[in-house]
Structures are given as structure tokens and as C-alpha cells.
Amino acid sequence: MQGWSDQPTYGWRKRLYTIIFEADTTAGRRFDEILLVAICASVLVVVLGSVPAIQARASTLLWLLEWLFTLAFTVEYIARLACVRHPWRYALSLYGLVDLASILPTYLAILVPELYYLIDVRLLRLMRVFRILRLSAYVSEASVLREALYHARRKIFVFLIFVCIVVVIIGTLMTIIEGPAHGFTSIPVGIYWAIVTLSTTGYGDLVPRTPLGQAITACVILLGYGVIAIPTGIMGAEISASMRRRPVTTRTCTHCMTEGHDLDARFCKHCGQALSPHQFDEPAIRSR
Amino acid sequence: MQGWSDQPTYGWRKRLYTIIFEADTTAGRRFDEILLVAICASVLVVVLGSVPAIQARASTLLWLLEWLFTLAFTVEYIARLACVRHPWRYALSLYGLVDLASILPTYLAILVPELYYLIDVRLLRLMRVFRILRLSAYVSEASVLREALYHARRKIFVFLIFVCIVVVIIGTLMTIIEGPAHGFTSIPVGIYWAIVTLSTTGYGDLVPRTPLGQAITACVILLGYGVIAIPTGIMGAEISASMRRRPVTTRTCTHCMTEGHDLDARFCKHCGQALSPHQFDEPAIRSR
Amino acid sequence: MQGWSDQPTYGWRKRLYTIIFEADTTAGRRFDEILLVAICASVLVVVLGSVPAIQARASTLLWLLEWLFTLAFTVEYIARLACVRHPWRYALSLYGLVDLASILPTYLAILVPELYYLIDVRLLRLMRVFRILRLSAYVSEASVLREALYHARRKIFVFLIFVCIVVVIIGTLMTIIEGPAHGFTSIPVGIYWAIVTLSTTGYGDLVPRTPLGQAITACVILLGYGVIAIPTGIMGAEISASMRRRPVTTRTCTHCMTEGHDLDARFCKHCGQALSPHQFDEPAIRSR
Amino acid sequence: MQGWSDQPTYGWRKRLYTIIFEADTTAGRRFDEILLVAICASVLVVVLGSVPAIQARASTLLWLLEWLFTLAFTVEYIARLACVRHPWRYALSLYGLVDLASILPTYLAILVPELYYLIDVRLLRLMRVFRILRLSAYVSEASVLREALYHARRKIFVFLIFVCIVVVIIGTLMTIIEGPAHGFTSIPVGIYWAIVTLSTTGYGDLVPRTPLGQAITACVILLGYGVIAIPTGIMGAEISASMRRRPVTTRTCTHCMTEGHDLDARFCKHCGQALSPHQFDEPAIRSR
């Protein structure tokens, strides 16, 4: 949370802030672990509560647990508001909104019961916990994936625009050919069919029944074969590049200043000078 | 549009040409942006108009909007014809034909209502707008994908021929084994089933019901596992290669000012001068 | 066909051999082109003949065409037998057996009509034509794919054995859980379901209906996610390796004897000497 | 089995141990081959025995075979217990438990017939046989795959957590939108649907029927396109990296006789002696 400068400078607010927002102390780390378990447990309560058989048997218990978790999260939310320097800034930040959204549904469900299930939005709070716990190895792996996604974003965007154009044209074509009699009641339905088909999901709720429709479907799938492979190819290439970008070692030859020498190398492969063996420790391996 | 030499040299035609065909001036850029929005909006009108519920309520509005867009595109088409030097050359070019095809269906639909939906062909006009707007970062990413597809074209062609042979033989085999009783009424239907199965789409409208048919299906899928992976492998390898082909470094020769020299190069490959080894530091590696 | 040494040394047999088996002369090349078209056309006749509607209308025409093709292929088969030095060696070779298998079904269908559709086996003859025509660019691409498959064969074999074990155990488990009431009538059916599911084909003819079955299916798919990706990863890595293995250029520096210099390089990047510009022609690019 | 030190030192127990646990002698190798065939055959007996038609005809034969295999495996299990130094250590090891689990079901099925099919667990014993037979080429390929999976484990774990969060939220959303009328009877069912959809399996037993549900499904699939590609990208990149990590060259230092030096290395990285530049020719690149 560096750069936020939202940390109070003294007193109980500072202690509370250290526990709730940070994970460097034992208490702070324990708090985050309990939070992680509580979020998962409260979502599980909602998920189980939606099963008619379980609801019939344990409705009171589930109702109690649900309110227990909601009250706990409410107290936590108020504590967060209380200990930050600029409560409004926190309340309007992404994390503040997610925190609020994770307690509101229970209260609103008293008025509008349909909102009850939205409690699952709580799962989004896991993002914070993961970020705070700084499970360092996993964070580094996640950052490789994020970096790959970041570098691939434009390629995937270009690909999605291309897919959208193709999908609208094929969906329209199939709606004309198959018609309402075979379930293609409108172009949006045709587009839905085209997306389900091109992604190879293929539910089978809508299928071409005319010979012409089947022929076009077969051609679309065959020609689309190479195209479907593009996002996978993009991600594969980007993850490969992300992994390669990080030098496997930072061992540097003190003589010719080249780096990236293998871990088992004892002499520089460029100038033949001896490499320092003391660089051979674990932290020398930066990435994977 | 370099090399076309279709640009008039003076007067209102030159001004119109600059606005309609080019995107270097403010007016030209604005025109293209409006065109992009108009194309998307007009396709949306057609798509929404195909939904019975919306058609029932807003048919007059949709009808009006549709004719408005069509008239606007017609005026634009005539303007394009008017301002180019060789109208026929434009009219018969790919873009000219797409432009014509995007206004014709509305007029023809007066006589043949079925043609109405073909208005969606308008989406193809987006290609031109993208090309003119030269969203440079995206164009460069798209060119990586296009290059990868170009290099992969023969491998994918070989793969498709192989798939076609396999699909015809398996489709024939399953038609013999399952027969019309289980929906395999003819070999083309069997081929359609084989394509839907091998691409892992698996609609479920046609499924093997005899034990022998199920055994063959299981074998085909299992053996086809590695084969299905080929196009993805091809695209991944080609995109990787495309990305690698572009200069990764900004090592610049101080003598001839060319860049993109390999990291292990000691002499400029263009002019033979020694490269500065001090450029060999981290920031020299451009990310991509 | 080097190394076969089956070529007759003189007379009409040598002339016939040159036309039928080779593609170096104009006549030989034309013969192979006609053969390619004839094979495709004859398979098309069989495929179309299986459609009841077409069969009803054009049965005589299709019957005539079918016999025409069969007689032509029979004459060709006899000609092949006549012009090779060792007829039995040809007849028992893979290509000889395929050639025989492509004419037999028509004759046998007089006795056993079911065999009629096996005429599609003719498609396998395309392999020979492709090989003889030596469409060199495509053959080289195909060899990259073949090489990748060859290098990947053991990895794919290990993967398939692993998949087989998993599929038998999951299939057994689901047969016990779901039982005959939900269509899982026996373990082979359960294995068929497991293969269809793990390959993400998902026909939907057999689906888990019990909560436990659905939970296991969800876990299997989730955990199988990474596993499903393995063959694609294997093929991608192998195709990448196949492409990298071929040096992009064979440009060699005559001074320090290093090779693999870029096509646009004019000086050796290792010793700074000028590279010979005469190596800059097409054949210098070996692979892609 | 180095490091186990469970090998008896003399007498018949040592001879038995050599045959049963090792594969270095002819007898030991033959024993493992027979075991491999027996395991596959006994699983085949169970699988075939579950087919009603086969069960009806050959129930006695299958029953006999099944007891024959079980008794043989029981004798083998007792022999294993008898010849190791520390029977309990073996009995409680992973392999010991698998060995026990592969004979128990037949005996227990006398009391609880449902357990009968669990005999398929025997397939897990194949792991041991493969390990002992040391089919070296395959073991090395398997180790590339295992290494890739090992390096990818954290990336795949991060990916699975991400997928789990997405799947719970989408499943909840669709349960609210579609409701029990369209089969989404509870959130777990919705999550099951989300997993089946995102993995592109798409059974079709549960499909969105409301326009809003179909629109969300289409968006989820479209946006999920790039995401679905991630595990494949991970595996591809890791397998590529695994393959690259192994020495690709046979460049040998003539001084310290180590091999696997980089192609651009000029000095041995192990002893600092200059590498011979004449080894820099084509055959120096081992294929892999």
C-alpha cells in the first residue's frame, strides 16, 4: 500500500491500521488469514443455502451463520473506515466499494430477497487478501501471467474484433438459412449460436438441420480451425516471452561484464575469466 | 493508399477526396470516426430489428433509421464515385464492391424481402476504416498476427487436407456402422458429424449409439488428441517466431545508425564497425 | 522412388513406367494431375450417391460414373502391374495394396452391397499423388509437421497411457455413481463418457445427473484443465523446435566460418569482415 | 530403489527380492513383464464383466479369471511382504497400499458387492511397473513432461484460483437470471454449468434460455477466449523451456571433457580453456 499515505501517524488508529491493512506483523498476518477463511466460509454458506434439500433441513443454522458473517464484516468495514485518515477516499476506492458490496446484499435482501445471492460478490475480496498476504512465489507467478496478458492485450483485442465481425456475419447467414423453424428466431440468437460453435463449446440446443446449414457449419469449423488456435498461440508466445525476458541468472563476469551465465558455469564463456563462486546462492536465481 | 494515384489534383474534388479517403486532416479523421459509428449503429439496427419483440414495438423507428443510414451511405457512395479520378476503377475494386454491397440490400429488399438481412455485410466496411484510421499500435499487432497466419498458411493447408481425408474416411465408416436409424442418413451427414466431433464442438445432435460406433469414436478422439493440437502448435510457433523476428534490442550502431543488432554481436552487421559494448546494459533490451 | 530399382530398362514398359510412376516429364506430370482429379471426383460420386434425394434422381448417372472410374482405375492398376519389373513386389507394397483396395469394393459390391461405401478408401491414394507431384513448398512444410510429430511421438505416447489410466478409473467411478438409470449401463460406456468429457467434446448424450456425479465431473474438468493443455503444449514446443532447428540462412562468414548470419547482414557480426553478397539468393533460405 | 536399503542381504529372500522388486536380471525383467500383462488383463476382465450382454454369456469364466488374478496378486503381495527386510515399511508405503488396494475389493465384494468395480484401482500398479522396467527413452520423455508440470504448478494453481472465483460468480449470476425453471435449481448447479461452459465442454444439459442469459453466456465465452488459452500457453511455454534446458549441443571441451556448451561460447565455462571453433559445424547440434 506504499504511496497511499493514508496511514494514521499515532495511537490506537495506527495500531488498528497495522492489523487490518498490513500483513507485516504477526497480528496483521493472522487477521488476514482469518479474513480469508471467513470470506470462503461465508460464500460456502450462500452456495449451500441455495440447495433446496440443504435449505429445508438447516435453514436456521445457515441464516444464523450468514448474519454472523455479515455482522463481522460490517464491524470490519466500520473499523477500516475508522482507522484510515481519509475515510471517504477509502470508501470510494475499488477495495472500499468491494468491501461495501460484500455486506450490503444481506441487509437489502430484507427488502428485496432476490439480491440475497449477490453476497457471492464477496469472493472479489479475496483479491485483496492475496495481495496483502504477498504469497511471494505465487505473486511472482501471477505477475508472469499478468505481464503476458498485458502484452497480449492488443493482439487479443484485434482478435476479438475480428471474431465479432465473423460471428455477426455467420450468425446472420445461419438465421436466414435455418430460420425460426429450427430455433434461429432472430439474429442475436444466430450470433449466440455462432459464438457457442466457434468456441467449440457446442451446447447442441441450436444445431443446423438443413443440408446447406450443415455444410456451412462444417466449412466454418474447418476454416475456423486455424483461427480458433490464435488466442492459444498468442498466450503461449507471450508467456514464453515473459519467462524468457527475465534473465535466469544475474551472474555477471567481473572482467567483460557480460551477464546471464549458467548456474553451473565457473568461467566466463565470453572472455575465459573465472566467475565469482559466491554469486552461486539462491537469490541469484531471479525468475522461475 | 500510396500507389493508387487515383487522387484528383485540384478543386473541390481534391478537398472531398482528402476528407473521404484520407485520415491525415482533422476533417478526414472525424469523417472516418463518424463512418465507423454509423456502420456499427446501422448493423445494430438490423440485428435488433430481427428480434420479434422489438420489431413489434419499434418497427417504424427501426424502418426510419435503416432508410436514414442507407441514404447516408448512398450519398457517401456517390461522393466517393464523384471525387476519384477513375470512378470505374474504384467501383470495381474490393472496397468499392463492399461499399456497394452495403447499400444494395435495402433497395433490393423492396422486391425480395429475404435480402434484407444481408445489410450486415456492411460490417466488412469496418476493415477500411481500421486501415485508414491507422490505429498504429493495433495495426502493428494485427500485422504480427497476419504475418504469423501468412507464414503458417502452407502448414495449415497441409493440415486441412489431412483433416479432410481423415474426416471423409471416418464419416463414411460411421455412416456404415450407425446407419440411418441413428441419424447418419448419408455420408455428407457422417462427414458433418466427424468435423463436429474432431473439432471437439460435439453438438450432440448426432451421437454414436452402437457399442462399435462408440468404441471407434473413443479411439478417434484419443488418437486425434495430438492431431487436434497441431493448428494451435503451428500458430503458437509462428506467433513466437513473428515476435522474435522483430528487433528485440535497440542496440544502435553509432556509425551507420541501424538498430536491432543481436545482443552477442560485437561488430555492426551493416557497416562492419565495432559496436559499443557499453550499450549492453539492461535498458537496451526493449520489452515488446 | 529412388532405391526401388523397379524401373524397367527399355522399350514401351520404360515409357509407360515414366508416365505412370514418375512426374519428371510433361506426360508424367499430366497423368498425375488427371489421377488426382479422378480420385477426388470418384469419391465425390460415392459421397453424393449416399444422399437419398440425389440417389433417387440421378442413380443411373452416378452408377455409370462409378463404373467408369472403377474401370479406369482397373486399367491403370493393370498398367502399373505390367510396367514394373517385379509385379508381385509392387502388388504387395503399401501403395499397391491401396491401389487394389480402391477398385475391389465396386466389384465386391455386386455380391455384398454394404462394401460399396468402402470405395472412399480411394482417398488414401492421394498420398501417392502428393508425394509424386512433389509440390515442394508443401512437402517441406509437411515434413516440418511430420518431424514435429516424430519427435513428439514418445511424449504423446506417455500422455496417452496416462490418459487411458485416468479415463478407465474415472469411467468406472462414474458408472458406480450414476448407474444404468442415468445411461451409464456399463464401464465401457463410462469410459466412452470420460473420453468425450476430458477431450471437451461433450456430446451431452450422457451427462451426470446426481449431485455427486456433477461435483466429480466439475473437479475432473477443472483439474484436467492443465492436463488437456499438454498435447497442445507438446506440439507447440516441437513445431517451434522443428522450425528453429533449420538454420534460417546458411550464410557463412568466409573469415571466421560462423554461419546463420541474417539475410540483411553485410558484415560478419563476429569478426567484422564483409560477407559475400552473392549468397543473398533464394536457395540461401533453407527453411520457411 | 536406491536409498531404500530394504534389500535383504542373503538367502532365498535376496533371490526373491531381486526377482520381484528389481528388473536388472532376466528373471526380474520377465516377472515385471508378466505382471504388466496380468494387471491389464485383470482390469479388462472387470471392464468386460460390467457389460450386461457379456456378463450374461460368460459370467462363470469371468468369475474364474477374476479369482485367479486376485489369488495370484495375493500370493505376490505376500511374497513381497516376505522378502523385504521391514514388511511394515513396505505395507505402509504408497506402492504397498496400492498393491493391497488392488486385491482387497474382490474379497470385500463378497460382503459388499458394490465394491467389486474398485478392482480397477489395480491400474495404478502400472506406475510401478513402468518405473521398474525403466523404458529409458519413455522415462526421459515423461520426465520432461513432469518437469514442465512441476515448473508450471504455481502458474496453474494461480490460474485455477482465478477460474474458481470467476466460476462461482458467473454460476451465481446465471442461477439468478435463469432460475429453476430452466434447470438452474441451485448455485452448485450453476457453478457446474459455468465449469462445463468455460472449459468448452458444453454438454447442453443446461443451457441459457432467456435472452439476457444467452447474452451473458456469449460475453463470458468471448471474453473467456483468451483466458481459456492460458493453461495451454503455460504448458507450451514450460515444455519449450524444459526442452531448451537440456543440453542441445554436444560441443565438448577437449580439456575437461564436459559437454553442452553454448553455440556462441568461445571458452569452456567449466575450466576456462578455449573451445575448439572447428566443432562448430552442423553435426554438433544434437537433434532432440
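The letters A, B, C and D name the chains in turn, as written, and every chain counts its residues from 1.
The rule is short, and it goes like this: contacts are C-beta pairs under 8 Å (C-beta built on N, C-alpha and C of every residue); 3 or more make two chains touch, one makes a residue touch a chain.
Which chain is which protein? Per UniProt: A, B, C, D = Ion transporter.
Bear in mind that the values here come from a model prediction, so they are computed numbers and not experimental data.
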(message) Test of understanding: which option in C-D, A-C or B-D shares over half of the contact pairs of A-D, residue numbers taken as the match?
(response) C-D
(request) Tell me which chain's centre, taken as the mean of its C-alpha atoms, is farthest from subunit C. (result) A
(request) Determine whether subunit C and subunit D, two copies of the same sequence, contact each other through the same residue numbers or different ones, counting it as same when over half of the numbers at the interface appear on both sides. (result) different
(request) Let me have the rounded angstrom distance from the C-alpha centre of subunit A over to the C-alpha centre of subunit C, please. (result) 40
(message) Using Cα averages as centroids, what's the distance between subunit A and subunit B in whole Å?
(response) 29
(request) Could you tell me which residues belong to subunit C and also touch two or more other chains? (result) 51, 159, 188, 191, 200-204, 232-234, 236-237, 240
(message) Please output the residues of subunit B touching subunit C within their complex, sorted ascending.
(response) 151, 154-155, 157-159, 161, 165, 168-169, 172, 175-176, 185-188, 191, 197, 200-204, 207, 211, 214-215, 217-218, 221-222, 225-226, 228-230, 232-234, 236-237, 240-241, 261-262, 264-274
(request) Using the touch definition up top, name the residues of subunit C that touch subunit A in the complex. (result) 51, 200, 202-204, 232-233, 236
(request) Note which residues of subunit C are touching subunit B in the complex, please. (result) 43, 46-48, 50-52, 114, 117-118, 120-121, 123-124, 126, 137-138, 141-142, 144-145, 148-149, 152, 156, 159-160, 163-164, 188-189, 191-192, 195-196, 199-205, 231-232, 234-240, 243, 261-262, 264-274, 288
